[in-house]
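Naming follows writing order (A, B and C), and every chain is counted from residue 1.
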Amino acid sequence: MSRKAYITLGDRITAATDLVSQSSWWGQIQTWVEVLLTRLGLRGQGLVVAIPYLWLLLFFLIPFAFVLKISLAEAVIARPPYTALIEWTEDAFIDIKLNIANYLFLLQDDLYWKAYLNSVKVALISTAVCLFIGYPMAYSMARANPAWRNVLLMLVILPFWTSFLLRVYAWIGILKNNGVINNILLAFGIIDEPIVMMQTNFAVYVGIVYSYLPFMILPLYANLERLDNTLLEAAADLGCRPIKAFFSITLPLSIPGIIAGSLLVFIPAVGEFVIPALLGGPDTLMIGRVLWDEFFANRDWPVASAVAIAILLLLIIPIMVFQRFQAKEAEAGTA
Amino acid sequence: MAEAHEVDKRLDPWNDPHATPYIRIQNVTKKFGDFTAVNNVSLDIYKNELFCLLGGSGCGKSTLLRMLAGFETPTVGTIYIDDVDMGSIAPYDRPVNMMFQSYALFPHMTVENNIAFGLKQDKEPAAEITKRVADMLELVQLTPFAKRKPHQLSGGQRQRVALARALVKKPKVLLLDEPLGALDKKLREETQFELVNIQEETGVTFIVVTHDQSEAMTLSSRIGVMNEGQIVQTGTPTEIYEYPNSRFVADFIGSVNIFEGRIIEDDPDHVRIESDEAGCPLYIDHGVTASPGARVWVAVRPEKIQLSRDKPNGEDNCTIGTIEEIAYMGDLSIYRVELDTGKRVRVTMPNLVRGTSDRYTWDERIHLSWQASNAVVLMT
Amino acid sequence: MNKNRSMFLISGLAFGFAFLYIPILSLIIFSFNESKLVTVWAGFSTKWYGELLRNEQILDAAWLSIRIAVINACFAVALGTLAGFALARLGRFRGRTLLTGMVTAPLVMPEVITGLSLLLLFVAMQDLIGWPAGRGVTTITIAHITFSMAYVAIIIQSRLSSVDESVEEAALDLGARPAKVFFLITLPIIAPALISGWLLSFTMSLDDLVIASFVSGPGSSTLPMVVFSKVRLGVSPEINALATIIVLLVAVGITIAGITLNRQEKRRQRDMQMAVAANE
């Protein structure tokens, strides 16, 4: 920014501040806020909405605008390490420099493509495995007698309350070359050489499935528990065998639970960082980890932002589907 | 329509042109988006009345009640209570209390505290609150249960707590939303009378919303029948039952046989109608204001029809058919008769004598007749 | 009941729970291992607990994390309750869809994205208005409040949806103003949801590594950040000891909560039977 622009801008700000301070500025602000709130259709109860609304706008939604903005900037060695998009030129024009080089870079370097696709693959497979393990569990829990049901539910929730990081860490001790599994197998003479499991894709799958399994079980359980048992009795009464009743009654009715659970696993798994960082090898490329490395190791904020935008583009549809589902659930609860 | 019935104007304020209504609902309309829940309703309710809004689900009766309580604001129109415009008055400032269908008892408070809640909001002195709560508990016979919480009470007890809580503030109007809806049949009948007694004892004006016609008949001084957001008829239970003004009301309250026909003779003191459905000329002893040839309907209640094996004298209001079905209900029997015209008619007869062998039976040919004063002509 | 089928279900359940709990059990067992190699058993010892309690770095980080978690939980409950209340009770206000979106999206948003976006916001804010000055406890707390309040809002909303709205209307009808209704009626009824929302916010703040890493500054390393930097270098018996303590605390907490809930439920049922009996 040129010196001249600084000065003019500074003068204007001073003039403006003077004006405000001369008036009864606090009352002024209050009136503005009131007018603003009324404009937005907020009165009395409106404040109840306004406070969390503004918080989430400021700290959840607006930050994405900055990610977008910085993804279009250039990396420089400075503090903060990126160039400004908007500059005041000598003759007080605004000069907007949009730099799509970061995106072109992502497209050209196949490291990013591989990481991107690999993340989707890992997330999809993990979701499928979670569903495969979680569905029978949720089903048996929902069919267990009520006294047991609460105990089982608590057992599913308990790991969720303990540290995620430490639970991932536990797998290092189990999977590594002199870890629990290899020690047991060696002790029984089943293998002679330790099996390499740590720092492989396998370890990442195990970690993700393990960490996200409760997220699959809980919505499925909530759905299956609501299932009206008389429907199954009616099916049996009409001559339907239990297996068939499961596929023609229980399964179709539990689809909302399946979708909710799958999205709860899939979406965060795509951007997962901790699990590939701790359990995966150097060649386990996942996009969340790439973002992290760009940011922390390379200090390239613009490329990290571009990666974030790329992840968001991929996830925006699943996230919207998930929201529709949540909203529907909430409405159903109200009715 | 000609005045066909005499009523005592001295006792009933709604027939006295000089009486001032206590609650005036004027041209009230309520819309939710495109849906019109209440459509241009005007209604006057007088002090000390027990007024019932009767209608099926979705007819707008609950919305009207919620507008009186202040939970909904009319899209158009005004509501006056005791000559005060309620338009800008919030629910918590209205001299109106409500008994909710779900009772809406505060789950975390004892019976006593539930009842005292409203008085505490008015910052009444503690001694006054204690006294009035005790009186209320006495009135609804719940004194031994004062310290219990709602979930420790039976349905009937909860209903009485809800009533006491709404009455303790001595509101000008008490609104009751399906007050007996959640009770089982036997308890409901007992409570109906209890409710009327409490209303008479306290002198509070009650407005009751219900979908149960027998409940409305037993409770109310007057009934407003609602359909599709409009009040289709207002009147005492007798008026509504004996002189319905439309096929909807006739059919909604009790059961009724309706014959379609055309006016052939319209005099001030009688009307004669030709009906293919009835299979006989219909003669009614009150006049209508309609041109001859107009399409009308004649309603006859099942209990007003006589059955006989011999043909009665005269041609009017006398037709013939075959008994198709008989339902023995204990106190009375319901006969379904297929007229020779193909129209099916419902007739009820009380079983006055036990075990008569001379009862009418299936497939018997039977004459049906009714008196000229027992039918009503309906224009819509 | 078909015997084969129930056998199948029970074994599925057993396998699932084994999968969930064996890693946790192994953490606990090896925390008592004499050897530094963690997974090679060399006799029982509690020495790693002693080491843990002497590790200033871990203790400092833990204390910092707990402070952040407490502040976060209080703010998140306050803000989340407002949001949940708005969604469940205020009908169709303008911008409702957006609020619903902003409340549900943080539940699934990958942490790296949330973390990065918040950091960029904080940097830009510092440029524009000079606040927050640098990154540290404040920025971590704000970040945690943002995602915690979303969870609280969902919990409160679903709890309120199951509460009959006419209970609040009754209080209005009896003369209480809206604010009073909220404090006298709504809050006491949703108290259990407030408590679980608080605990959940506390736990999630205590557990967060990724977002905190983005928005923390020098001298504000939270417990997960210290743990991560340690376990990245390999297993460490002190971390096992730490994990055991956390698991123990959580297990005790959840068991107590479970027993209390169970008791309340039983008392409730007994009361209800009593009420029915008294009526007859």
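One rule holds for everything that comes next: a residue touches a chain if its C-beta (ideal position, glycine included) is under 8 Å from a C-beta of that chain, and two chains touch if they have at least 3 such contacts.
Bear in mind the structure is a predicted one, so any value in this text is a computation, not a measurement.
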Chain-level touch network, classified as line, ring, star, complete or other: line
B-C or A-C - the one linked by more C-beta pairs in contact: A-C
Remotest chain, chain A as reference, centres from CA atoms: B
For chain B paired with chain C, centre-to-centre distance based on mean C-alpha positions, whole Å: 54
Distance from the mean Cα position of chain C to that of chain A, given in whole angstrom: 16
Sequence positions of chain C contacting 2 or more other chains: 178
Chain B-facing residues of chain C, complex: 164, 166-167, 169-178, 180, 185, 188-189, 268, 271-272, 274-276, 278-279
Partner chain C, residues of chain B touching it in the complex: 69-71, 90-94, 96-98, 100-102, 104-108, 117-118, 121-122, 148-149, 151-157, 165-166, 169
Residue ranges of chain C touching chain A (in the complex, touch as defined): 2, 5, 8-10, 12-13, 15-17, 19-24, 26-27, 30, 37-40, 79-80, 82-83, 85-88, 90, 93-95, 99-114, 116-118, 120-121, 123-124, 127, 142-143, 145-146, 149-150, 153-154, 157-158, 161-162, 178, 203, 206-207, 209-210, 213-214, 224, 227-228, 231-232, 234-235, 239-240, 242-243, 246-247, 250-251, 253-255, 258, 261-262
Complex interface listing, chain A residues touching chain C: 40-41, 44-46, 48-49, 51-53, 55-64, 66-67, 69-70, 80, 133-134, 136-137, 139-141, 143, 150-152, 154-159, 161-167, 169-174, 176, 178-180, 183, 210, 213-214, 217, 242, 263-264, 267-268, 270-274, 277-278, 288, 291-292, 295-296, 301, 304-305, 308, 311-312, 315, 318-319, 322-323, 326-327, 329-330, 333-334
